[in-house]
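Okay, so here's the structure we're looking at.
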Amino acid sequence: MVEREKRPYTIVLGVIGFDCHSVGNKILDAFFTERGFKVINLGVMVSQDEFISAAIESAADAILVSSLYGHGEIDCDGLRGRCIERGIGDIILWVGGNLVVGKKDFSEVEEKFRSMGYDRVFPPDTDLDKAVQELIQDIEARRQKKAAEGR
Amino acid sequence: MIDRKMSKESFETQRTEVLKSWPTGADVDFDAAVALQRAIPEEKNFAAAMKKADAEGRTLLQPRAGVALVDEHIRLLKYLETEGEADLLPTTIDAYTRQNRYTEAAKGIEKSQAAGTSLLNGFPAVNHGVAECRRVTEAVSKPVQVRHGTPDARLLAEITLAAGFTAFEGGGISYNIPYAKNVPLRSSIQYWKYVDRLVGLYEEAGVRINREPFGPLTGTLVPPCVSHAVAILEGLLALEQGVVSLTLGYGQCGNLIQDVAAIISLRNLARTYFSEAGFEHVELTTVFHQWMGGFPEDEAKAFGVISWGSVAGRLAGATKIIVKSPHEAMGIPTKEANAQGLRTSRQIVNMLSDQGMLDSQAVQREVALIERETRAILEGAFALSSGRDPEEAAVRAFEAGIIDVPFAPSNQNQGKILPMRDNEGYVRIFKAGSLPLPQDVLDFHRERLEDRAKAEGRLVSLRMVTDDIYAIGKGRLVGRPL
Amino acid sequence: MIDRKMSKESFETQRTEVLKSWPTGADVDFDAAVALQRAIPEEKNFAAAMKKADAEGRTLLQPRAGVALVDEHIRLLKYLETEGEADLLPTTIDAYTRQNRYTEAAKGIEKSQAAGTSLLNGFPAVNHGVAECRRVTEAVSKPVQVRHGTPDARLLAEITLAAGFTAFEGGGISYNIPYAKNVPLRSSIQYWKYVDRLVGLYEEAGVRINREPFGPLTGTLVPPCVSHAVAILEGLLALEQGVVSLTLGYGQCGNLIQDVAAIISLRNLARTYFSEAGFEHVELTTVFHQWMGGFPEDEAKAFGVISWGSVAGRLAGATKIIVKSPHEAMGIPTKEANAQGLRTSRQIVNMLSDQGMLDSQAVQREVALIERETRAILEGAFALSSGRDPEEAAVRAFEAGIIDVPFAPSNQNQGKILPMRDNEGYVRIFKAGSLPLPQDVLDFHRERLEDRAKAEGRLVSLRMVTDDIYAIGKGRLVGRPL
Amino acid sequence: MVEREKRPYTIVLGVIGFDCHSVGNKILDAFFTERGFKVINLGVMVSQDEFISAAIESAADAILVSSLYGHGEIDCDGLRGRCIERGIGDIILWVGGNLVVGKKDFSEVEEKFRSMGYDRVFPPDTDLDKAVQELIQDIEARRQKKAAEGR
């Protein structure tokens, strides 16, 4: 059995594009910090490359992207590709918020962002307690896979 | 009275540069613009409509709305004026344009054309340019305002005013602190001086354009004294550049007494500060924003929040109310949902319009409190400037945390202040940061919060702030433990 | 204190007859009913829920709802308690049953079965009988009340109380004058004495059933003093027969001050009159009905009316609010629309619940006015009876027009009174008929109406009454000329 | 050309079945009376036979039935048949109000009541000024037809 990594779960947090919605971001920061995560919070108006640089620098397990203002469809597209290009293709990519323009059926939105390469997609009324469990699962699974691959 | 008007040369130098910053700038011709504006009938002039409503004691209704393409946008506005019975129309600008990212906006227009639906969260007026924007203002029969959130809105103002828009929202503080991450406050104030000066030039050419600083800031539990201080500084900055029609704003907090007191005190404070600064000829009006924080996802509950905002705005005697839609929590509303929010608000405002304003001892007490608080902040700010210069006062006050906006994204803001609701739902101050409030006022706030904590059987804590942020979205006003 | 309790013999004689009037009557067994009622947990007892809400200063929400078939009705109620978050449930009875037309009701049930949808405007409880009705009360987890409009509800009461309903709306006046054409008032009062006595018998057997006279009467511009006079007479009639849990009602007029004052004065008057009559042990609570007159057809506007009702009901401190739906103007609501009305109201009541009640000098002034008016009517009525007998007083007062309900269909009502809104939307009295109001009060009403007429540039006239009837449906409170 | 009848337009008004809604009925009465109609108002809770008897007695041109409370579908059915049986088969029959249970598409409701023999069907937000014009037209047409038939 592979040994369980001891270092804290590290996540990069930020609001993508030219989005200024800072309230949810501050809450996510406080929430994950309180639960023992190491949070690199880039705040609002974060570019794709800033997300990736911060993730590389901190050897993060996951990038949690927020998009509230409706341009998510444009801003979030291509992030997985850039991650691959920059050598962290297997990083956990989550995205949440009011991801598209208008009130749309969430399953369609989920589908759309899944196909962009996001591992999980969250609506604005996300239950954060549940999300934290899922994040731990996802991170553990990734760490074990990496350990097994001997990387 | 110190004349702080931007000089003609400085304005003209900037103008050349501004109009060159994107190709559509070339189409702006001030003289033609003045001629166009002068030909606009009185009932389509925003300033005139606000003045009339104020004189008649009426409360007007205005939605937010904007989509990527011109024809679609025209259809939207026409729907809001017919089916929505809106008194005033908006043109909400997309977030790329707000950051002067016209290339991204162009991409958004293209993608929207391809998708057959707007992928932008607003109307990219700069990309569309003067002639296309003019189609918008000509297509409708109500006054139209530009609503956005742009730290540097010089080109946007040039283009939209030349296209017949008669009102322009924003200000150097209120369109920076909540809307940007690292734009120096001094820069945004300079950009907005230009906008205000431009409005002043129209004024001097006989065209009255309405200006409206953005009252609600981050929209989330902003104590009235904080937003009032910003509103008055921005008001002064605008008046200095020759603005005459000025609408000061406030975002609903949720407690009726506090909301009514906020509008009353805003008017009192503004009148006093403006006349003390030597501005006697101001067409001062107010705007009340229905709850600007997180909304309930359920539409029926959202209708409740919308209605409550209309009740408070009307009982406060605001000149206009900015209306939300039942889709608020979910996404930019369809035109139908937007019109629904308007009609719900219309029914409330109509039913209340004959009933006068709310007044009571409790209101008067709260008015006195807000006025003392705001004065303390403003005087703290002016003390840092020479000759009561609002620009210097604003810049230094933000540096020193004397003005501090809760939850703001900007690094120009200290972000040490934390608001919290008391047991009756008033927004009070939990952490004051460096706000220069008198000790007895701070004690009063603390007492009220302790009262609440006691009622809830817990200690005053950060957790209560988070609970309050979620509360209205979850169907309550105060974020009580379950 | 004169004991006016119906005698055991008289009750028993009637009972035999009543239970024989339709086959399902045979299944009523009082002892079994008491046993069943006693087994009902406290949180499903209506009287207990009202008492608790009153003690905690809360305002509960209750919809109206009823369909033809039992399973469909259960589904409806369950939906309203889960999706509608209702605190209290109703079972609204169909209009054939209300007129004791059980044969027609049976036809309605059949046709509904055939059509696969309810063709009745309510739940025909008598036709369904005790066992089927019990399925309803057992299926839900909130207290359930029978709501109807039945001049002779003796059999309905027997069956539903035996089936575990814990509250029963109505009264000998309020379920006659607005609901019938030519049922003698004396008869309906006698029928309702039976119902109240039945509730008294349950009380004596240790089971508390809540009783609620129907406050809004015709729902259309009824001046508070008129409905208050009826409520207090019916309250006295109920207390005389041994009722303890009593909820007095009022239908929203639309002006906030008047509505708040109405609930305050209703409580004050009831407490005084009841204790003067020797009834000290009364569990008195109040119900505020959201606007009961014509609604706007547009659902968004209806949401506004619903919200405004919730605001007024909560600021008045009513113990419960009866909630309308966005379908009101069009037809009996779907369960979804009904739940929407509830959730809108819930959001409002929750957001206001921490804010206390409204009070002001204007409220106090109006309270004093309503109390004087109501006393004048009640004393005028009692003067026609010996020993302040509420039955005699009611019958004679209606004959003499001392109580007169506007727009009522009943020939027991003089129908000479005409209400009208004043310039601020208060419901005032235009034609007083024979209401024994003091001259200065009449003058005051007239003055207020003249003020309005002046503001509208027309003479006080019948046309204004018609305009007022349509006004809320057309999006206003006061029916101004266009 | 047939001569125009001089006697006042006579209408019978009432709310059918066990329906107690009296406000609209009082308004209709006042409205048509003001416009010079002779109105026989039977008030609320009127049976089919009462309508017909009143119409025969007054030689009415039209019967205006209201139904608000939802039982219209049951209560209004058969009225045309009874009119025929009692010899006034050609009387103008109008019906209006909240005619069925629930919020239904009005065109379906109209269809339903037309097929029951009502000449015109009205929703609750009826514009009465328009209705009065239509009523005059309908009555004139019927009177001329009757005159032409020489009855």
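Chains: A, B, C and D, in written order; residue numbering restarts at 1 for each.
Just so it is clear, contacts are C-beta pairs under 8 Å (C-beta built on N, C-alpha and C of every residue); 3 or more make two chains touch, one makes a residue touch a chain.
What you are looking at is a predicted structure, and each value in this text was computed from that prediction instead of being measured.
Annotation of chain A and chain B: not jointly contacted by any chain, touch as defined at the top. Averaged C-alpha coordinates give centres for chain A and chain D that are 68 Å from one another.
Here the spacing of chain C and chain D, counted between their Cα centres, is 32 Å.
The distance from the centre of chain B to the centre of chain C, each centre being the mean of the chain's C-alpha atoms, comes to 45 Å. Note: centroid distance chain A to chain C, computed from Cα atoms, is 56 Å. Annotation for chain C: no residues touch two or more other chains.
Shown here, the protein chains touch in a chain-like sequence that does not close on itself. By the contact rule set out at the top, the touching chain pairs are A-B, B-C, C-D. In the complex of the two chains, the chain B residues touching chain C come out as 254-257, 296, 298-305, 307-308, 310-311, 339-348, 350-356, 359-360, 423-425, 472, 475-478. Every residue of chain B that touches chain A in the complex is listed here, in rising order: 94-96, 98-99, 101, 104, 107-108, 111, 117-121, 149, 178-181, 218, 220, 293-294, 297, 327, 329-334, 337, 407-409, 462, 466, 469, 473. Residue ranges on chain D touching chain C, taken from their complex, read 17-23, 25-27, 30, 43-45, 69-71, 73-74, 98, 100-104, 124-125.
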